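The two complexes that follow have chain A in common; it is paired with chain B in the first and with chain C in the second.
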Partner chain A sequence: MPRRHTERITSPAATTVGRITTTGRRLPGEGGLTEVLQLLVNGLAAGCIYGLIALGFVLIYKATEMVNFAQGDLLMLGAFAAYTYIGLFGLPYWLGFILAVLSMAIFGFTLDAVVLRRVIGQPQFAVVILTIGLGFIFRSAATLIWGPDIRTLGTPFSNSISQFGPIVIPDVNLSIIGGTLAISGVMYGFFRYTKLGVAMQAASQNQLAAYYMGIPVRLVFSLIWAISAGVATVAGILLAPVSLIDPSTGFIAIRAFSAAVLGGFTSLPGAVLGGLIIGVIEQFSALYLDEGFKDVAAPVVALIVLAVYPQGLLGQRQRKRV
Partner chain B sequence: MAEPLLQVRNLETYYGPIVAIRGVSLDVHAGQIVTVLGANGAGKTTILKTISGVMDPQKGTVLFEGRPIQKMNPDKVMRLGISHVPEGREVFPFLTVQENLAMGAFIRHDRAGIARDTDMVCDYFPRLRERFKQPAGWLSGGEQQMLAISRALMARPKVMLLDEPSLGLSPLLVKEIFEIVLRVNREQKTTILLVEQNANVALNVADFGYVIEVGRIVMEDTGPRLLEKDDIKEFYLGLKEQSARGGRRWKKRKTWR
Partner chain C sequence: MRFVFKTDYRQDIGLFRHNGDRFWYGLLVLLVAAAPLLLDRFYLGELTYVFVLAVAGIGIMLLTGYTGLVSLGHAAFLGIGAYAHGYFLQQGVPFVLSVPLATLLTTAAGLLVALPALRMTGIYLAIATLLFAVIIEQVFIRWESVTHGFRGFSVGVPQVFGLPLTDPVLFYYICFAVLALAMLAAINLLRSPTGRAFVAIRDSEIAAQSMGVHLARYKATAFAISAGFTGLAGCLFAHKIGYLAPDAFGIILSIQLLLMAVIGGLGSLHGVVFGALFVGALPQVIAVLRDYLPDRIAQQPGLEPGVFGLILVAIILFEPQGIYGRWRKVKLYFQLFPMYKAATFKRQKTYTRSERNK
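Take a look at the complex of A and B:
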């Protein structure tokens, strides 16, 4: 690896010649600032999706100390729900969007109230296996209901682009970034300023004390699952025009998982930040590094960051005085 | 006297197979401060937890305003008017003082009243006002205890269950906090059930006291009279007349206080 690196610095032309140009590998700076900005925007868009999925992981983990390995499959179900409303029933995009998010929120709520509430307090591996199992069930159910084919979702943003100076951005990416900004804003306001939002934080921080305050903790946890499923659905719908919809769409959550870990796994802003970092790294490594690095670069960076900051970037440090 | 506000009858509570309290009965009359004294592991905390619904008793009843509340969910008990200040404060560490207080008033919807009570608790504990916007996890132990008491008061409880407020605090802070507990009791007419190891401070504010040993009540009397009892003096206050057994009194002492 070092060999190739020096080669590149000394004679950029020579190295590019021998390579298969179709992989799109290039050298930093070759395309100029425009290319870097272009990649950055694309990376941010991808990162937003990771960030939204990571938000779901963190929300549930903070509240119930469960790692929900079915988070990606909630995203997949959400995308299929939107496809059903918009593609099959022919509803307008925004109406279908809202209905899909609402249906999935109800689904998340019920999932917690009926299934997951029972494993609270059980050993961690029981929870892990349960959520992995739920993921399998969701994928099979999706295959049974919608079939294994790849579906497309027509959106108002598909097939159009916006130009900002020299940078060309597909509107789909803009919708992803805009949607993530909106969700982050709503979540910040909700958790910061509403009584229910603060009560959710309280229930996550000290369950027993929350009971003493008269907070209906179980209901609050189910609501957190509802929010988490709703956010996953938003991510799924925003992602749909880019990655298309099929029962294995949810595997994207594996990469979002490293985003959540990178951000500290207990911090909502950290989840979004981690997502953005992973997204940008993936874009740049796909273009400037050898093939295969795209999938490895992000986890490697996450590992390095965690070695330096074991709490993650924005992880909460428990400060308790006696 | 009128019917007690809170009556505990023959309560038996277990931790798994281990019995924590065995047949405890006690009365708390409206407006009183009642204290339960006992050493570590005597079952004091378990009594409070059983009253507030965090633990379910195997046998016995808890009557609040004449109706049974044992085995009720803690949030329901709270809505009836019983606030629990748990052992070890249990504040919400990442919420600000202000948000902690707001959570104390979670069951209330009268904005004006909540604002008034926030002012009230900050008058009782001016240090909370200084730390109003800081996360509760940054407060000192004494300040957290003040916050925990204030948070419980925010629900405007009829009865406040106070679990070892003196735990880990300096004698000066303990004195300060107990003075305010007494003021709250007098000024807000809040009935208080106080569990303590520190018999001296507890009996000085209490109207009535119970002494509990390994899950059973072994003594009950008014606060001042308990303070006069020899056993209390010896085992809980660490006082003993020099004459009786001379220089060997330290061997009999059961607590350090």
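Take a look at the complex of A and C:
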């Protein structure tokens, strides 16, 4: 039987809103190997969400050198879209899932084509402010459309658990880990083997050279925004059963920033790796350290790593040309 | 259009370029000094808030606008200044001593942040400062003996010139004086070798280095000075809000501070004032706009951040150079009338420009 505290630490949402209430400090090993493994799995699940959000950051940053501060809000919109299809229209889960991802991908494409394309080449932090402004608009729009209330999304994974030996894992967490593995696999295959994927890599390495090779760079950029919005939507739908949906769900992206810089802002595998590290650190520090350290452990680790590896763990070392 | 012919070395080091400048800035100072007579209490308070923001804005402008190091964590420095000042006042340190002490402390904190930050650039630095702010916010929450945790504490009200500091007119003049002095200090700093080194670093680290600018030293200096200005603003901010609690210094404030620099126009001290006016006045403008909207929309929750976002997006799309950039264009238009060419400020199409190899 799982003990109560392990049951409660099941989700990134739990860490976000600080729902974990452990009584004081515990020593590692006190609960045995089972507890460590249990925490590890929960941490990986939380980390997968961070990783997926960070993936969205990195996709966009690599290609267009924009830092998308509205990524978390795209996640929120995606979760609301899924809620609309599944919860309001009563469509089956998987159909709603696909429709939500598709509509958000179209949204991302349009967003780039209409708004973001205009500011390419402007100072980087004009763009940052732009996406911060977009984030404000998205949150406000979500409040206007769906209201400020908290929504739940029923999924096939809710309220069931799987048992692996002594470790008990809620199916929701399994779905998050599985979903992340699937997305990572698809991304890897896409960028490695498809023509479009290679074109995207080319465009992100050198726009001008990509132009000369006949790659439609603008279209490619819009497609990257579409993919990024789609990934955010998947993260949002996977997160929805554990964290509930409301217009401020997107603030989880602030933690994903740690993940993205930790792994290196220019590396897709790094983003996922960074997410996993942050997720696991959060879970362990919540249980084994004094209460005050719970919220600072992840930023402290990220800062230390950055001080040693200024480009993140897997980021490209940039050399300057004179 | 005015052409200044320099006939004297003093013209080179003078604060103003010509008598026109002297006249207009003098008029501005007169107007600002007369404001307590012209404005009612509410608007006077708002103007005071703008001054406080502007002092903090000088700090972030020196770092982000002139040295090219982006900080998303300046709320932490503002908080350190405010808390330190509040704590010193509580311990019975007089006001005139407490402000410099808090400023020095914040400067030291800035130096401390600079050490790990020296090797980072661009987005890594921005996120690192963001993480620093998150950590400092937790420190404010947990260090109960000094900060009183979540509950916070009210800032003492010292007597200055025989009046309590909360007197709006007195506080207005103090903030104005601090802003004026800070502005003078910043102007002179930027004309000194240190300031020119900052600008050189911003424009090209490699070029600066090859001209003998010690990158690490000057970046650390920039961080320290920037934190110092922000900490000074923090002291005034503490009195302005009257009650210190950790949630006043969250990420939203950091974003607002960066916003001031970007919206005002990166790389100009005029921009600081424009940016502070923008950030300080926007909530009021939105409140007024709200009255003109149909009731059904105006009563919706969450409208204000949306309007705020819309205005931000519009400014960045139509004037990425900030308010000061627009001002320069308008000014040139009238100076050259009717010979103004729209292409004057047009930059080369920068679709392929990259900041990666700069």
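As a working rule, the second predicted complex is superposed on the first by the 291 of 322 C-alpha atoms of A that agree within 3 Å, B and C clash if a C-alpha of one lies under 4 Å from a C-alpha of the other, contacts with A are read in each partner's own complex, and residues count from 1 in each chain.
The rule we apply is simple: contacts are C-beta pairs under 8 Å (C-beta built on N, C-alpha and C of every residue); 3 or more make two chains touch, one makes a residue touch a chain.
Please read these numbers as outputs of a predicted model, since none were measured by experiment.
Undergrad: Tell me which partner A:S140 touches in the superposition: chain B (first), chain C (second), both or neither.
TA: Touch status of A:S140: second partner only.
Undergrad: Does chain B (first) or chain C (second) touch A:I254, or do both, or does neither?
TA: After superposition on chain A, A:I254 lies in contact with chain C alone.
Undergrad: Touch check for A:F265: first (chain B), second (chain C), both, or neither?
TA: After superposing on A, A:F265 lies in contact with chain C but is clear of chain B.
Undergrad: Based on the superposed arrangement, let me know which partner A:Q122 touches: chain B (first), chain C (second), both, or neither?
TA: In the superposition, A:Q122 touches chain C alone.
Undergrad: Classify the contacts of A:L208 with the two partner chains as first (chain B alone), second (chain C alone), both, or neither.
TA: both
Undergrad: Can A:V198 be said to touch chain B (first), chain C (second), both, or neither?
TA: Touch partner of A:V198: chain B, not chain C.
Undergrad: Pick one for A:K62: touches chain B only (first), chain C only (second), both, or neither.
TA: In the superposed model, A:K62 contacts neither chain B nor chain C.
Undergrad: Which one hits more chain A residues, chain B or chain C?
TA: C
Undergrad: Which chain A residues contact chain B in one complex and chain C in the other?
TA: Touching chain B in the first complex and chain C in the second, residues 208, 211, 318, 320-322 of chain A appear in both lists.
Undergrad: Please give the residue numbers of chain C that touch chain A in the complex, ascending.
TA: Residues in contact with chain A: 64, 70, 116, 119-124, 126-128, 130-132, 134-135, 138, 141-142, 205-206, 251, 255, 258-259, 262-263, 266, 300-313, 316-317, 320, 349-358.
Undergrad: Would you tell me which residues of chain B are touching chain A in their complex?
TA: By the definition above, chain B touches chain A via 52, 54, 73-75, 78-79, 83-84, 86, 88, 90-95, 99, 102-104, 106-107, 137-141, 144, 151-152, 155, 168.
Undergrad: Mind pulling up the chain A residues that touch chain C in the complex?
TA: 61, 65, 67, 115, 118-130, 132-141, 143-144, 148, 207-208, 211, 247, 254, 257-258, 260-261, 265, 292, 295-296, 299-300, 302-303, 306-307, 310-312, 318, 320-322
Undergrad: Going by the contact rule at the top, pick out the chain A residues touching chain B in the complex.
TA: Those residues of chain A that touch chain B are 195, 198-199, 201-202, 205-206, 208-217, 316, 318-322.
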